[in-house]
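Scrolling down, you'll hit the structures one after another.
Here come two complexes built around chain A, the first alongside chain B, the second alongside chain C.
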Partner chain A sequence: MSDTTTLPPTDETTDVNPVGGIDQAVGDFQYKVDYEFDAGTGLSEETVRYISSVKKEAPWILEFRLKALKTFLDKPMPTHWATTDLNNIDFSKIRYYLSQGQKPKRTWDEVPDDIKKTFERLGIPEQERKFLAGVEAQFDSEAAYSNIKDIVSKQGVIFCNSTEALREHPEIFKKFFGKVIPTGDNKFSALNSAVFSGGSFIYVPPGVKVAQPLQAYFRINAENFGQFERTLIIADEGSEVVYMEGCTAPKFSTSTLHSAVVELVALKGAKIQYITVQNWANNVFNLVTKRGVAHEDAEIKWIDCNIGSRLTMKYPGVVLKGKRARGEVISIALANDGQHQDTGAKMIHAADDTTSVIVAKSISVGQGRSTYRGQVHIPKHLKGCKNNTECDALLINSNSRTDTYPAITVRGDTHSVQHEASVSKVNEEQIFYMQQRGLTEAQAMSLAVNGFVNDLVRQFPMEYSVELKRLIDLEMEGSVG
Partner chain B sequence: MSASAAPTLTPSLDSVRFATHLSQRSYLPAWWLETKKAAWNQFNALPMPSRTDETWRFSSLSSLDISGFELPEDASQHIPNLSDFPHAAEIIYSNRQLVARSAVPADLVAQGVIFAPLDEALTKHGDLVKKYFQKLPANLGSEKFVALNTAFTGTGSLLYVPKGVEITSPFVVQHTLSGANKAAFPHTIVILEDNAKATLVEFFVSADKSRHLASGVNDLHAGPGAQLTYVGAQNWSADTLAFQTNSIVAERDAKVLSLNVHLGGRQARHESHSRLLGPGAHSEMLALTVATGDHEFDQRTLQTHVSPNTTSNLLYKNALLDTAKTIFSGLIIVEPDAQKTDAYQKNRNLILSDDAEAHSLPGLEIQANDVRCSHGSTSSRIEPEQEFYLQARGIKPEAAKQMLIFAFFEEVLNKLENEALHKSLSTLIESKFKK
Partner chain C sequence: MSSLEIRDLVVALTATPDKPIVKGLNLTIKTGEVHAIMGPNGTGKSTLSKAIAGHPDYQIISGDVILDGKSILEMEPDERARAGLFLAFQYPSEIPGVSIANFLRAAVQARMAEGEELDATGYYKKLYGKMDMLKIDRKFTSRSVNEGFSGGEKKRCEILQMAMLEPSFSLMDETDSGLDIDALKIVAEGVNAMRGDKLGVLLITHYQRLLDYIVPDFVHVMYDGRIVKSGDKSLALELEAKGYDWVKTELAAV
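After this line comes the complex of A and B, so read on.
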């Protein structure tokens, strides 16, 4: 706590191609902190027991964690379909749990000037800037946080972190915890289940419509930057909630692995909208499992935007469990040099008259690689299911790369399933037209790319869409010529 | 023959059988026998497809039983006649025996055209076969079954058309199987030199309802400016396990059209890989499948764009009835140098039964930016409005349904220039519905 200095970015990140004169690695600064609780490096039963004891968890949670650890160790890397870059993760060098115990006290003045400039360029609101810079201690934002908390808690909404939720509301959360995404779903969900900490737990009572979006950064705890957060949102019958998690600016990345599990449960007639803007530093493996279960007449919508990280593998899914349930995934990915955005969606139809929509747009810049991977599954004995999938990829440079790997299974003769994908480059005539009107090639390119994703970005809340546009501008600078 | 003299209770394609097969072919070139030996070793070394093989995703693996089959020794009495359209020449095999062969017209022979059974091609034109035989294999997952084909192939054909020779009348090859547990391993090589033009139509049929195994392989090569049309139609018995692996190569400005019609087989896997090697090359990849009963049709394709300014277009249509299952897994690869590629891929599944199951995996891997690539996949039923329209005009429901199914296929068949061939294939497809 006493010794706070800014460390220079690591060699690995400085190699990343500077975009528009701004070295992206600029966000990868970190503070030196003495942690009160530190599980050390490497993963063993000891690590898991340590985490569980620090959190003073109930025995069933420890048991859950230990079982998950075994599953994680038993499961092979899924490199028979996924990129072999996964083999570069060294699980023995990762710190699985760090906590200061007490909240850090920092001020905006301590943030390096160049970071402030980056935030300025991105047009991020000051309140958020402070949070993103890691200076937002709990008491600093208490006011804003309490406001939201007061309003929602009056409606009976529970909004807290996972540790607190499992301790104080086991009767609600235990029932759904780990049910949407079973521990053994994949290697990384198992890892998360073993070492999870942080993340939001939300319960919205029947009929309650939460007016304001609940945002991750208003929820303050010591584990803000936990790399294995676990989020569970339960929307009871007829309720509505919008949740936003954002890292809309370069983020601290003290580690190379982020593996979250997010589970959503929309009970009869409920609506959940989950918005993510991911902008991890370019040395982070971002391997996230996100899935929701939509019961009768319920609706789950994922808006997923991936700009940062070295490798992201994330396929938000919806299990359409009840009649007339609706699932939607809106996905935007931007892959620059050294990045692989392997994103997509998963729609599992499990009831009659269910509908799913997937719209994915990706942009590959420089040597960036973006991949759409999707699954649509309509098993037997269902009637009247519909899916519509659209994937569009935009390639900016001659060495940019994009892949599309959908898998569609349809059984029965009463369904309608459509998948369409296209790949193209920026229209030269458009660029020429804009240059004729005085824009530089780079400006024209930015405008064209923003135009490409515009119909999706419009679905974002205002401040997020503004930031996203600026982020794209930033990424596009230096990509032409 | 010696093999039939040995009393074997469980017939199988084992090392003893392979040794016999090889010894019966000692008159063929040494390189060929070596190739066969290497293939036999490869076949034994390669594992059967497993759950983690992405190239076999959604395929039924437990039913890939290749044991208990034997090479037939006697030709069948009954040989279906499928080439009811005008053709240049014909080669007909029944149970590995060359049972009929029509002479190539003298004017074509004079121009250097070769159309010969595989054994004859190996004896007389060994160097030509060697130059093209499996030089660019499909590599789409069936390597083990391709190796089995190379080890045991004896039936097949070579079509060679020299520079500038254009032939409109198709060449026909037919492979027939009959009798229980019989296997066929046809290998077809088509070589079109610069600016040549030719059509090869190949039929694969069972003459009875027995259990059969077939593993066919093709090397189709279109030289610069050549125009190659290949039609492969299979109507194996309902108890046949069939593999067919096609490798298509199109050089500069070459145009290849391949159409595969799948009607039979308990489990039929078809792999087709088009390589566009020179600027201006085009590959049109078409397929029609009528999936009935509890049969499985597994189609895997790859369009590899190696050179700039190349185009390809894939259209695979499946009609699914009963409890049938289809898998379409296609991929377009645009290599880094293949700028100005124009590539399309479309899979349409017409699901006509509540228990039929269609899997579709249309994929893209694009490494160049100045390209136009798209793919689409739809799985749906017959439009009720269309059925209603026909019924309102007095057409019985069953007939209306059939008309709409044929209309669904017509988009593909229309791409054939040869009208007689088009009609003949339509009739073949219709026969599937008359059972």
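After this line comes the complex of A and C, so read on.
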């Protein structure tokens, strides 16, 4: 089934970014950076061996990586259902490993003024601005956040980067690693499995409720800010944890491919909330696999906000493995000119009385394109499963395009499934009404967009929702011609 | 004292510039005055108000609109609004997800100098004061602008915005339409409370009824894109008694 609202279709083979705007100015800045350890460009067995040896990994990890490489090379590009723009990724030109210890040779003075202004307007703290602009290789925020780390470690929580975790906690890591998302899940999860570095590892012991959200942000450095991070979060029985990653600042990026894998495991009665806000430069292919397994009475909630990038493909999922497990995906995507947000959610019901909720809102601006793909699977032998899916699209100006591909497979007759979809437009009359009250056209548009996502943004932590609002303001400013 | 001067104004739909709707209209409103424009449907009353506010569907073919000696025709709709022009819409738009409190706050903020911060406590104090005046429940502020509002609620919301934004000139387009008598009285009370030497009002209405509650200083009859007759409030009563056909016949006789 496909509900398509199409105004002139975009030609996928000639992908251009035709319209300038602040988002573009924000997105496209890059510097040439020299790195201390560098795997060079291109992908081969040698690259994978190099990465593994630099990281001084155990033999089983190297083996895992090499197997994954083979899977990656064997798998075709999924262009039978996804956009053919994927064929434009040149894997031979990508650097697969950049280590820490890089020393960029530029100063704050060399950072373009508009970038500085953007940081200022987004309210990014001074110290972080330098890192984001590539002036500083490492953003050392350990001091600022170290008491959070102290507090959680007193509760027995392990919170470190995945390289460290592989060395220091191999017994827990190995037990869950690659189990939620097998290497061969898709071509890009295989790629990540071959070359991963960075990302977080969290283990929360039984019954522990982590009071404050844990942030990836507190450890940002060259590696964590990389392209192929791997995150694994395990919430043991009855525990609770909230994790936040990303930030609204445009990312300094040396690469055009970001392909992360995030695995969550919520054991009996545990709760995990995973919050992402990302604003990619619009030359970036952002192809991420995120999935969690919720055991009996467990809850997993993904809150995912995607702004920017050339192409984002991301469908956070929950496998509802135990009775009464609950999965939720809240997704916001904003596609501006030259961008394609292909996002959605997957809910795999595998036990009785499981519940899943999907709320997806997309905004297409100018020639931006949004696609929603949802998969809900409820097999015949189960009883009492519920799914509620709502996907709403907002179009701003007549060139926008949005598509909805909901795949809902429900077998058995004791289930309850609801699906609602809507497409609306910010119309001229609304904009005029707001302008008549003294708001500029850009202010009016961003108010309309903020209104559209308001009920979802309220679920974000305070500082994220404030940043998100500012970011939408900036995006709308660039879209008014 | 401010003045809003409409000079030989000719307005057409942007799509059909060769078919004027307003055909050479002259009118000067000063602050402190309430003018009513009456006329049959399709005579260009609403077009006039929207064109003055800068609606993109309308194009000014010739003539001028002058606010305090300065033409506003080159200004964007939001600039006109900030210059002191308010349009109370006949059909106000819905803005899903944006609360009245936040919407008005943005509008108030838009009138402040760059870098100036809105005083939230003062803002809410003022807002609640105006709401009390208009007998609007406090819960109203958290509802999305006009979404799911009754006709009466929409009009009261327009008056509330007018009260908060304190324009020097308010164009009120068929503010009485869709109102029952109680709602009409509340709206009229609100407008009357705002009357004074800082506000000029242009009431656009089809019926005399509204003018029982908001008594105008001047009444103009609009017909076929022009003002064909002006007078004081008694003209409205005369119109009510004799009907618009009376104007037509009179015009034909001339």
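In this section, the second predicted complex is superposed on the first by the 406 of 481 C-alpha atoms of A that agree within 3 Å, B and C clash if a C-alpha of one lies under 4 Å from a C-alpha of the other, contacts with A are read in each partner's own complex, and residues count from 1 in each chain.
Following the convention adopted for this analysis, a contact is a pair of C-beta atoms (placed from the backbone, for glycine too) under 8 Å apart; a residue touches a chain by one contact, two chains touch by 3 or more.
These numbers come from a predicted model, not from an experiment.
In the superposed model, A:A82 lies in contact with neither chain B nor chain C.
Contact with chain C, but none with chain B, is seen for A:A448 once the two complexes are overlaid on the shared chain.
Contact with neither chain B nor chain C is seen for A:V466 once the two complexes are overlaid on the shared chain.
Set side by side, chain B and chain C differ in how many residues of chain A they touch, and the one touching more is B. By the touch criterion defined above, A:S422 lies against chain B but remains apart from chain C after alignment on the C-alpha atoms of chain A. Within the superposed three-chain model, A:L62 lies out of touch with both chain B and chain C [touch as defined at top]. In the superposition on chain A, contact of A:L73 is made with neither chain B nor chain C.
Of the two partner chains, chain B is the only one that A:N397 touches; chain C does not reach it.
Chain A uses no single residue to touch chain B in one structure and chain C in the other. Looking at the complex, you find that chain C touches chain A at residues 53-57, 76-78, 81-82, 86-87, 89, 92-98, 103-104, 106-107, 110-111, 144, 161, 165.
The touching residues of chain B, when paired with chain A in their complex, are 52-54, 57-58, 336, 339, 349, 351-381.
Contacts from chain A toward chain B in the complex involve residues 80-81, 364, 380-381, 393, 395-425.
Only residues 427-430, 432-441, 443-444, 447-448, 450-455 of chain A touch chain C when the two sit together in their complex.
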